[in-house]
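In structure tokens below, several structures.
Consider the two complexes below, in which chain A is the common component and chain B and chain C are the respective partners.
Now for the complex of A and B:
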């Protein structure tokens, strides 16, 4: 039986729960887990005040209930698997190093900010600032994968340095803004001003997009690496069409205000067979 | 009647961010009103004329008139018992009062935000991310030969900005005033400010970022897609001419307003403009400055910054400050239903916030301080009628260029000042926290 923490008392105000990571709870008894600290608004609380704890971790920890008000779940996690059966609050997997977080629901803003490694999968939608830098920071996620089956908000991959963000639906405005490197794949549409200030890195979309005037058209081609990425996403359960794998992409380079070494690849829908 | 007339020279108008400190006020002490405000603009005249002594209770609880002490007790009780209390407003009161509000926020481990978050908050984010090439308005007056107004209408919102500092005034190195300056206005439509401009650039709504980005590319000599004309509605030749003028001026200024900060793109719009100013410093001296609205909103930014390190949207739940607009800004904490108590100072969010936020204000206990009857005051559990800063109360305010200015009040008010009420609440909060014997608060109070 794997370890399960079931929410029994809904938080009245935002809760901060860095303790709820695989690393912290994996080797503890139920009573020790129940005694771990939380911050409920401005008051200290314990996990047991809000969660019913049962079982022991056998490689997985399950969180049950609507945790949309619970922040920092899986923050700094380095191993194991955290499965959230419901919504997750802000700062999910903040500065995560390894392991996997699966959210069977929606996630709030700042999914995987400044993440270093590991994988986050959201079956629903995510808020703004996915894989981004914190306010005041310049470097966003530096490694790992964030897979969102639904839509994502604005500033996805703000300052991203490395890793992969894949969005099954639409991505909001300023996707990949100030991006240093890494790959963002928005299988739906891109919002306004994607790639603004990007230095390097790749932004891919299967839908047409209006780009900034500081991006310029280069060529149409079939990048090999994109096939590998799309096949990998299909393995992860994302709906990837064959035409995307075989298709031709229009390549734009930018942002010329910066180094002009970034690329935006848009599926050439006119050449779809 | 004429015997009880008082004149106040060099008084300060606290209506807008210009904080003009050359008012000569004539005060009727019997009627408790200002009968004449020499040097004031149309907005300042209305500000001075409308602030008289109104017959309102100094304090109410649930609409019932009570003594100030009783209201202070109830306010302190609400704040001490709250788990996610928010403090909001602060832009129309003195720095001294702002300090007291910050002290309360620190004691109760609350979340502190100012009206900056709904006006130039995006600029605050951009300052942190991009930086700011800044100045005082005195420098503009004496040196600026190219002045660009972007996304604002100072002619109506800050009438004396033109005549005192930026357009018609004569300065040390601008001896002929307007003749020595080139004025550019960038906006989505013609306004009352447009006629002063030598060049008016009409940008398509929602295309400010694209235009700023294109100007940055031209300044840096980079590639630019010709589609920029269609996107922005501005001819490429016009952009090139403007860039040439910007690069060759002696001292250039970019003033920007909420037409830039509160349209789609927000902090990136402000950031693009600040980055443009930075780029131009490769060629000449160029500065940028937000044109601020409320009389002491700049003071609020300063006080919150020097106290917590951040200008607005600051959370102290953990006992130390954290800055995260979107998470800790008041519209968000109310709309999401996070806050469980609110202390609102000199602001009226119940009149102008989004519906979800106002609905939540109705659900939680609210403490309101304001010289006027407001929508927020009506829904408040505890409401204080306070004296008006700059008219009844002295203290310090900051002009939009971060210059502190001392107030010279015109006549006394029977109502307590914001500072007095907040100090009383702070002291009572401290006592209640000591009684509650929370270890952290007790240590702090000791």
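Now for the complex of A and C:
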């Protein structure tokens, strides 16, 4: 029986639960897990005040209930698998190093901010600032993968330096703003001003997008790496059409305010057979 | 009600008490003389085996003003690992390098501190600084107003105005800003930076005003002395952090011609240029000069290893340092041409040659200055390290073997460049009581603070002696603030409001005429709005002013 923490008392205000990572609970008894500290609003609390703890971790930890107000789930996690059966709050997987977080629901803002490695999968939608730098910081996610089957909010991948963010639906405004490197694949549409201030890296979309005037058209081509990425996303269960794998992409380079070293690839729908 | 603290081992240097078993009596928030019959005390606290000192005083800690708020806003990642949850009596906040206001008060009190002084308050920003400090609970506060790079003073100097007129301006500014003392930061340098000068040595002329730092220092030191301000001019000298600045510091000491001067965070101004790396310790020369010149006092500004944030009015130095920012972000500001600030996050590393030697230089100064009445214990919070590192610093001073163990972990080249390993001095409890209580109180003119004589404010800290001095000083058994028990076993038990210490030197109000014209022409506020009234500090229900009289000049 794997370790399960079932929410039995819904938090009245946002709760910070950095203790709820695989690393922290994996080797603890039920009573020790129940005694781990939480911050409920600005008051100290314990895991046991809100969760019913049962079982022992066997490579997986399950969290059950609507955790939309519970922040920092899986923060700093380096191994194991955290499965959230319901919604997750802000700062999910903050500065995560390794392991996997699976959210069977929606996630709040700041999914995987400044993460270094590992994988976050969200079956529903995510909020703003996916894989971004914290406010005041300049570097966003440096590695790992964030896979969102639904839509994502604004400023996805703000300042990201490495890794992959894949969004099955639409991505909001300022997708990839200030990104240094890495790949953002928004299989739905891109919002306004995508790639503003990007230094390097790739932003990919299967829908037409209105780009900033600081991006310039280069060519139409079929990048090999994109096929590999799309096949990989299909393996992860995302709805990837054959036409996208075989299709041709219009390449735009930018942002020219940062010397045109980044790229935005948009599927050339006119050439779809 | 009379409270008796009986049988504690008392260290009260101001009254010459060195580890004697005494009873201390408290009545109405003050230390009371012993009654004829000790049994009349309504409360008796048995302190046998405990160490009793006055509440500690931090004479140089950046706890209020714009730069502290900028530092807070700049470093969310520094706050994250250190949340301060609310309790039934305390409010929530965050800690580490630039703690929130409430956490600042709680943590100082929990270490046995009962008064702290913000050393760099811009006159134009005094209102905000006082409002912010009003939010700090328990401890007494006060601030030193920054002059020396302000346009009005530099104009006066350039125009050759008399010392008397400058004294009037300085006194007006102290009064208007509700300050306790005067600080000068990189004299003239902050202004010169805005005229594209990137350094300004002691005898170098300001490109626009044509005045030198030496002129500014001497004029302000004389003004402070003649106005009877108890604390000498608080000097953050030229060339902070620059290798070879020991020469400038020595020239500054000589150039003041016997006037009282307090050289702050002297560690950052004690660097030579010897060795392969052209960076060496000037501690011995600085300590020698301090020992020879009784008009000079210093605080050290010891660095400790780890993450912190440097927040300084010296925008010229901070511009120089910003390339070393960790994390890589910084802020530089100017307000009303009064002065400015630079905020640069910084991580000191023990395996980095320069940082390791800085650590050693600070300790060398502590150990080589003979007179503990003229060297105060500071880390220039948060510039050298957060104030929460004081107990660790006290252990370094009191425990030679521990100090040597730490020294042995430093960058090997730094060890070779330092004499620290050969210094055998260990501070006694009496000397620690001097440098953390009696000496700062005496220097600041706080006649009823920093000692345990009859009539003093009942600010008292009680420790359990322990061979590990860090453990002893980080968690006092009891802390009394104005007679109220505020900390027990290192935890806040009651939250009270501290007072604001201020000074009112006399001056000729004729200076206000020219100031009014200047404000109307150049400033974004009127002179009457520049002035901070007593009511603004007292009327929010938490503030209380203690107005000190100046020393007879």
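Heads up, the rule we're going with is that the second predicted complex is superposed on the first by the 273 of 273 C-alpha atoms of A that agree within 3 Å, B and C clash if a C-alpha of one lies under 4 Å from a C-alpha of the other, contacts with A are read in each partner's own complex, and residues count from 1 in each chain.
Definition applied: a contact is a pair of C-beta atoms (placed from the backbone, for glycine too) under 8 Å apart; a residue touches a chain by one contact, two chains touch by 3 or more.
In this text the structure is predicted, and so the values were computed from the model without any measurement.
S.K.: Look at where chain B and chain C land on chain A after superposing the complexes, then choose clash or fit.
M.R.: In the arrangement built by aligning on chain A, the partners chain C and chain B clash.
S.K.: Does chain B (first) or chain C (second) touch A:43, or do both, or does neither?
M.R.: both
S.K.: After superposition on the shared chain, which partner residues are touched by A:109: those of chain B (first), chain C (second), both, or neither?
M.R.: first
S.K.: Taking the superposition as given, does A:177 touch the first partner, chain B, the second, chain C, both, or neither?
M.R.: first
S.K.: Applying the document's definition of touch, where does A:136 land relative to chain B and chain C: first, second, both, or neither?
M.R.: both
S.K.: Going by the touch definition up top, name the partner, chain B or chain C, that contacts more of chain A.
M.R.: Looking at chain B versus chain C, the one contacting more residues of chain A is B.
S.K.: Touching A:213, do we find chain B (first), chain C (second), both, or neither?
M.R.: In the superposition, A:213 touches chain B alone.
S.K.: Clash with chain B: which of chain C's stretches 55-63, 91-99 or 163-171?
M.R.: 91-99
S.K.: Residue overlap on chain A between the chain B contact set and the chain C contact set?
M.R.: Common interface on chain A, chain B vs chain C: 16, 39, 42-43, 134-136, 138.
S.K.: Which residues, counting only chain C, touch chain A once they are in their complex?
M.R.: Residues 73-77, 83, 85-86, 91-92, 327-329 of chain C touch chain A in their complex.
S.K.: Chain A touches which residues of chain B in the complex?
M.R.: Against chain A, the touching part of chain B is residues 82-85, 108-110, 125, 128-129, 209-210, 213-214, 216-217, 220, 222-228, 231, 264-265, 268, 316-318, 323-327, 338-340.
S.K.: Where on chain A does chain C make contact in their complex?
M.R.: Within the complex, chain A contacts chain C at residues 16, 39, 42-44, 134-138.
S.K.: Across the complex, what residues on chain A touch chain B?
M.R.: 12-14, 16, 39-43, 69, 90, 109-110, 128-129, 134-136, 138, 173-174, 177, 192-193, 196, 210-216, 256-257, 260
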